[in-house]
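To keep things clear, I will list the structure first and then write my remarks on it.
Order of writing sets the labels: A, B and C. Residues in every chain begin at 1.
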Amino acid sequence: MPVAAPFARELDRVLRGLDVETVGDEMYDFVSELYPIQRSITGDGVRETLRRVGEKIALDVHEVPTGTQVADWTVPEEWNIREAYVVHRASGQRVIDVADHNLHLMGYSMPIECILPFSSLERQLHTLPDRPRAIPYRTSYYKKQWGFCLTHEQFERLDRNGLYHVVIDGELDNGHLTWAEAVLPGEQAETVLISVHSCHPRLANDNLSGIAVATYLARTLDHLAATVGDRPRYTYRVVYAPGTIGAITWLATQSNHARNVVHGLVVANLGDGGGFHYKNTFAGDTEIDRAVAQVLADRGLPHEIEPFVPFGYDERQYNSPGWRLPVGVFSRTPWGRYPEYHTSDDNLDLVRGEHLGTSLHRLLEIVRVLETNHRYRNTAPYGEPQLGRRGLYRAIGGGDDDARQTELALLWVLNMSDGKHDLLDIAKRSGMPYTTILKAARALLDADLLSAM
Amino acid sequence: MPVAAPFARELDRVLRGLDVETVGDEMYDFVSELYPIQRSITGDGVRETLRRVGEKIALDVHEVPTGTQVADWTVPEEWNIREAYVVHRASGQRVIDVADHNLHLMGYSMPIECILPFSSLERQLHTLPDRPRAIPYRTSYYKKQWGFCLTHEQFERLDRNGLYHVVIDGELDNGHLTWAEAVLPGEQAETVLISVHSCHPRLANDNLSGIAVATYLARTLDHLAATVGDRPRYTYRVVYAPGTIGAITWLATQSNHARNVVHGLVVANLGDGGGFHYKNTFAGDTEIDRAVAQVLADRGLPHEIEPFVPFGYDERQYNSPGWRLPVGVFSRTPWGRYPEYHTSDDNLDLVRGEHLGTSLHRLLEIVRVLETNHRYRNTAPYGEPQLGRRGLYRAIGGGDDDARQTELALLWVLNMSDGKHDLLDIAKRSGMPYTTILKAARALLDADLLSAM
Amino acid sequence: MPVAAPFARELDRVLRGLDVETVGDEMYDFVSELYPIQRSITGDGVRETLRRVGEKIALDVHEVPTGTQVADWTVPEEWNIREAYVVHRASGQRVIDVADHNLHLMGYSMPIECILPFSSLERQLHTLPDRPRAIPYRTSYYKKQWGFCLTHEQFERLDRNGLYHVVIDGELDNGHLTWAEAVLPGEQAETVLISVHSCHPRLANDNLSGIAVATYLARTLDHLAATVGDRPRYTYRVVYAPGTIGAITWLATQSNHARNVVHGLVVANLGDGGGFHYKNTFAGDTEIDRAVAQVLADRGLPHEIEPFVPFGYDERQYNSPGWRLPVGVFSRTPWGRYPEYHTSDDNLDLVRGEHLGTSLHRLLEIVRVLETNHRYRNTAPYGEPQLGRRGLYRAIGGGDDDARQTELALLWVLNMSDGKHDLLDIAKRSGMPYTTILKAARALLDADLLSAM
C-alpha cells in the first residue's frame, strides 16, 4: 500500500517541516568546502571530494583500473598534478600558476617542462575575449596535449617578446578511475537512480551544487528510514561519477544494478537563482517525466520542461539505445545557458543556500510522488460508495472550500481507480494537486474503499 | 441496413415535419402541470408525478422497499409530509408554510413539533443573502435533521425576540423508493438509455424540463414505431428515478438491462434559453459522444462540449468504474451555472415552450444518428465505381451546388467505406453534415455500391 | 545498406550538379513540342504523344481494346477527329475551327454534320463569360453528345439570326485505350509509382508539365543507373495514362505490378510559378508523405501540405479502399486554383523552364530520401561510442558550426538507431535536414557503428 507506508507518511512530515534556509546554508557550506579541490575525471582530487561526501553519508567507493574496457571505451590513465605554472624568464615572475586557480591548467594536460617564446606559448593558451575577467574551463581527456587557461586581461599583459618557462609537474599514468555510490535499500530492488557528475574542478554550480544536493537528499532519506524503521518502496542509488566515462563505467560494470533502474534523474546546476528546468527521458512520458512535471506544475511557479536530446550530461549514456533507462535531468538553469557557465565566474557568488534548499525540497517532493504513486482499485465500483456514512462527505479538511476540494478529490480517485490509472493520472486529469489526490487516496484506503493492485 | 430501415426513414420525415413550437407548448403545459407537486426522492409526490407521465406514455412503475441493499447504499425511509409550518407565537401568524411553496421545507426534514426561541429556530433556517427574494432548495436525505428555507427578505422580517411554534407533520418511515421506465423494444437488446432525475420539487428547469422532453421523446419514438410497424434498431429505455439513490437502485436491481446499454444520455435543464451543452462520457470518444458532437456541430450554433468529471447528475453512477456505461449529459445551461439554479426562481418563467421544443428536436437528431450510423463496405472498391451509368453523377439533389456536394459525399462514403469507418467518421473527416453523408450512403446502398458489415 | 549504395551516392552527386535552368529549358522545349497535339483519353493524339516520349526514354506502350471490362468500368470507344468546324451559312465563314485551337471541340464529341439556326447551335456552345478571351476545356466521355468551346468575345460576335453548318468529321468507334510505362528495375520488386495523366489536349501546365518532368525524371534515373552500373533500391515505374479510366485500366490489368507499389506520386501542374503543394495519401503518414514533407520543409520555402480528399487526379483510384496504395500528389499550384486552369490560357506562357527544372530537382530529392531512408541499429548501443578515436568527433565537415551540427547529427543517429526509427524519424525529431542526418548515417556506417536491419 504505497500511499500508506510509514516511510511515505514520514516523508510528508519531513516535507512539511523542512527548513529550506537552514539546510540550504549547510549545503552552501559543503559546496564551499569542496570548491578549492583540484578535481578531474580521475585522480586524488576526486578521491578527496568523495572522502568529504563520505563524511556526510555512508559511501561505497569503487576504483576501476586504467585500461579496463567499458563498453566502447577504455578507462584512461589517472591524472595527478603537483604543480603547474608559467614563468616569465626575464622577470622571473610566475605569470600563470595553478596554485592561484585550479582552472588555470587545462584538465588532463600532460606533464611537460620546456622553455618557449611567446609565439609558441600562445598556441597553448585559452582565454575568453568576450568575458575578459574570467578564466575558461578547458579539458583534453582523450587527446594528449597541454594548455593553460587565463583571463583575457591577464593574457593581454603578457610580454609578447619574452621567453617562458613552462612546468607541468605530475603524473598521467596507469592508475584508477574513482566513482562512488550511496545506497538506501528499499522494499524492492527496483531502483531510483540519482546521478551526479563529480569531475568538475572549482565550479560551484556545475556541479558542486549537484553533489551537495544529492548528498543531502541521500542523507535525508537515510535519516528518515532510520527514524521510522521502514524501508522506502524503491531502492535509492546516488551515483557520483566523472562525466561520460564515469557513467559508461557504471553502466558497464554495474549492469545488474543498472537493469533495476526504473526512474532516474541526473542532477546538476541546482544552486543558481533560475527557475527549475527538466529535460525529459528519451520516451518522454515515463513515470519520472510525469512525476517531475506534476511537482513543478503543482508549485505554480515558472519552469521549463523540454524534450530529450542526445547531448548534455550523462542522461546521454543512460538513455542510449542499449539501455534506455528512464533518466531525466533536473536542474535550475541548464548547462550552457548562463554566462558564467564553464568559467571561473561559476563561483561561490553564483550559488546561494536558499536555492540549494529549495532544490532539495523539490527533489523530496518528486521522491514523495515516486514512493506513493500507484494504481488502486475501487472496492465499491458499482456507482459511488456512500461517503456520508463513512464520515468522508464534507467531513475532512478545514474550511468549506477545502472540504469541497477534498470531496472532489475523493470522487476523482474513486472514479478513476479502475486498476488502469495511477494517482499521477488522476492528478493530471482532475487538474488537482498531487498532494490533494494523495490525501484522498489515503482516506479512501483507510475506509477500505480502495485496494492495492 | 440501418440507414435504410423504415424506422430510420420515418424518423427523417418526422424531423422534417416537427413543429417545434406546438410540441414545445404541449411540453410547457406538462411542466406547468407537474410544477406544484411536492416531490422528493421517495413518497407520494413522485408517485403522482409518474402517474401524470403515465398519461402520456406507457410506463412501468417499480417500488423498491426501504432497507433494500443497493450496491454500497440502502434504500432510505419513505418521506411524506402532510403539513409543515412555523407560527409566530405572539402574533399567531404562520410566518413560513410549505403550503405557500414546496421549497419552504428542507427535503427529508424529519417530523417534529416544538416551540423555540428565534435564536434556536435561526439555526434551522436557510436563506440566500445574495439573492434575497429567492427561496433556496435544500435537502438532507441521509442525516436526520429538519429545516425551513425562506427568502432572505422574509427572514429579515422575523421577530428576533419571539417564540416560534414549529410543526412538521408527516412520516419518515418504512415504505418504498419509486422509479419508472418507458421501454420501446428495438431489433436489438442493445439499449439507448435516457435517464432523468425525477426527485426535484417545484423546480421547472431542473428537472421538469428533462421529465417533459424525455417523455415526449419516448412518445414520439413510440408513435413512429407504431406508424411504420417497424422497430427501431436499438431498444430505448427512458428511466425516471430519483437522483443518486435512484440511479444506483436501477443499476443494482436492473443489472441485466444496464449491461445492454450501449449509448446513454442523462437529460436535464432543457427549457432555459441557453445554448446546448454536452458533457462527455468517461472515455470521451464513444459513439454517443461523437454523435452529439456531430449533431451540435452540424447545426452551427454556439454550444459547449466538456470533458467528463465525476460529479454532476447520475452520469456519475453510470460511468462508475464497475459500470463504465457510455452515458453523457445533454442539457442547455448546466446545473449550477444559472443564477436561478436550485432556488424558487427556477420557475415557470425560466423555461419556454420553444426551448423545450428545440431540445426535443436535437434529441431526435441524435437518435437519428444512432439509428443510422454504421460501417459499410464498398462493393466496387478497386477504383471509383462509374457513378454516371448509375445516374448518381450530378444526378441527385437540387441546384448545382447541392449536386456537387452530393457527389463529394458519394465519393467520401465510397472511399471510406472499407469496413473500418462508420458514417460519423466519414462526416467528421469530410467536414460534411451527417445528413448529407447519410443521404449519400442511402443512394449508394440503393445502387448496391455499399453492403452492410 | 541503402545509404551507402552506389546508386544513392551517385544521386547525391547528380543533385549537386543538376543545372536546373538547362534541364528546365529542355523540358520546356518538350512541352512546346507536345503542345499542339490533339490528345484525348484515347486516339492517335495520345499515341503520337507517347511516340515523342519514347524518343526520350524507353517506353512500353500498351493498347487495351474497347469494351474491355476494367473493375467497374468498360474501356470506351476510341475517338479520332479529322476536322471539326462551324460555318456561318450566309457568309461562308468558318466561325469556329478546331484547326485553330484543339480546345474548340468538346472532347469526345460524337461525329455529326448538320445545319442549325443560332438558337439551336447556342445550346452546344461553351464559353467563359468571366474570362471572355479564353476558350474553356470541356469533355463528355461517357455521355454521347457534341459541342464547341469558344471565347466569350467570339461568341458575342456570332450572328444571332444566322444558320450554321456544323461538321465534326471523325470516328468514335471500337479501337483501343493507349497507355505506356517506363520501367527502371530496382534491387527489389517493391515499386515507386510515378503517375501522369496523358489525356489533356493543348494545356501546358495541366499536364504537359507533368509529362515532361516525369519523363526527365525517368531519364535521369536511367542514366544514373547506367553510369554507376547499379540498380536503384526500388523499381521505378512511370505510368502515362488517361485520367480516371487510364488509372483504373492500369490497376485492373497490371494488378501484379500495382501490388508492388510501396510509394507513389501523381505529378501534375509542375511548370507554373507557384510554391510546391503536396496532397497526402489516404493514411496521411506513410513514408512518401513523410519524405515529401521533409524535403519541402528542409528547403525552407513556402509550401502547402493538405490532407487526402477523394477527388482530384488519379490518386482517387490508387487510394480507393480496395487498393489503398500510398500515392500522394506532387504539384505546384493544384488543379482548379489558378485562373488559367482548364482554359486556353493554360498555355506556353504559363509554364517556365526554371519552374520545370526546380520541380525535377525536388522530385530527385524525394527519390534520394526514398532510396536512402532506412532503420539502422547502433552496434555500440550501451552508452555513446567513443567518436574521438574514430576521427568522428569534431573531425568531419567544414567550419566549426558545421562540425558542431555534424556531431549533433551523429549523436542523434546513434541514439535513435534502435531498429525502430528510420532516418526520416531522426530528421524530424532532431529538427535537422535530412541530408545532414544522411551524411551522419553514412559516416557511422563507414565506422561500423551502424548495421542495417
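Everything below uses one rule, namely that a contact is a pair of C-beta atoms (placed from the backbone, for glycine too) under 8 Å apart; a residue touches a chain by one contact, two chains touch by 3 or more.
The model shown is predicted, which means the values in this text are computed figures rather than measured ones.
K.L.:
By how many degrees does chain B turn when fitted onto chain C using C-alpha atoms, rounded in steps of 5?
P.N.:
120
K.L.:
Over half shared numbers or under half: where do the identical copies chain A and chain C land at their interface, same or different?
P.N.:
Chain A and chain C contact each other through largely non-matching residue numbers.
K.L.:
If you average the CA atoms of chain A and of chain C, how many Å lie between those two points?
P.N.:
The separation of the two C-alpha centroids amounts to 55 Å.
K.L.:
Two-or-more-chain contact residues of chain B, please, as numbers and ranges.
P.N.:
none
K.L.:
Within their complex, state which residues of chain C touch chain A.
P.N.:
378, 380-386, 388-389, 408, 411-412, 414-418, 430
K.L.:
Per the contact definition, I'd like the list of chain B residues that touch chain A in the complex.
P.N.:
For chain B paired with chain A, touching residues are 71-73, 142-143, 244, 247-248, 251-252, 282, 309-311, 316-317, 319-324.
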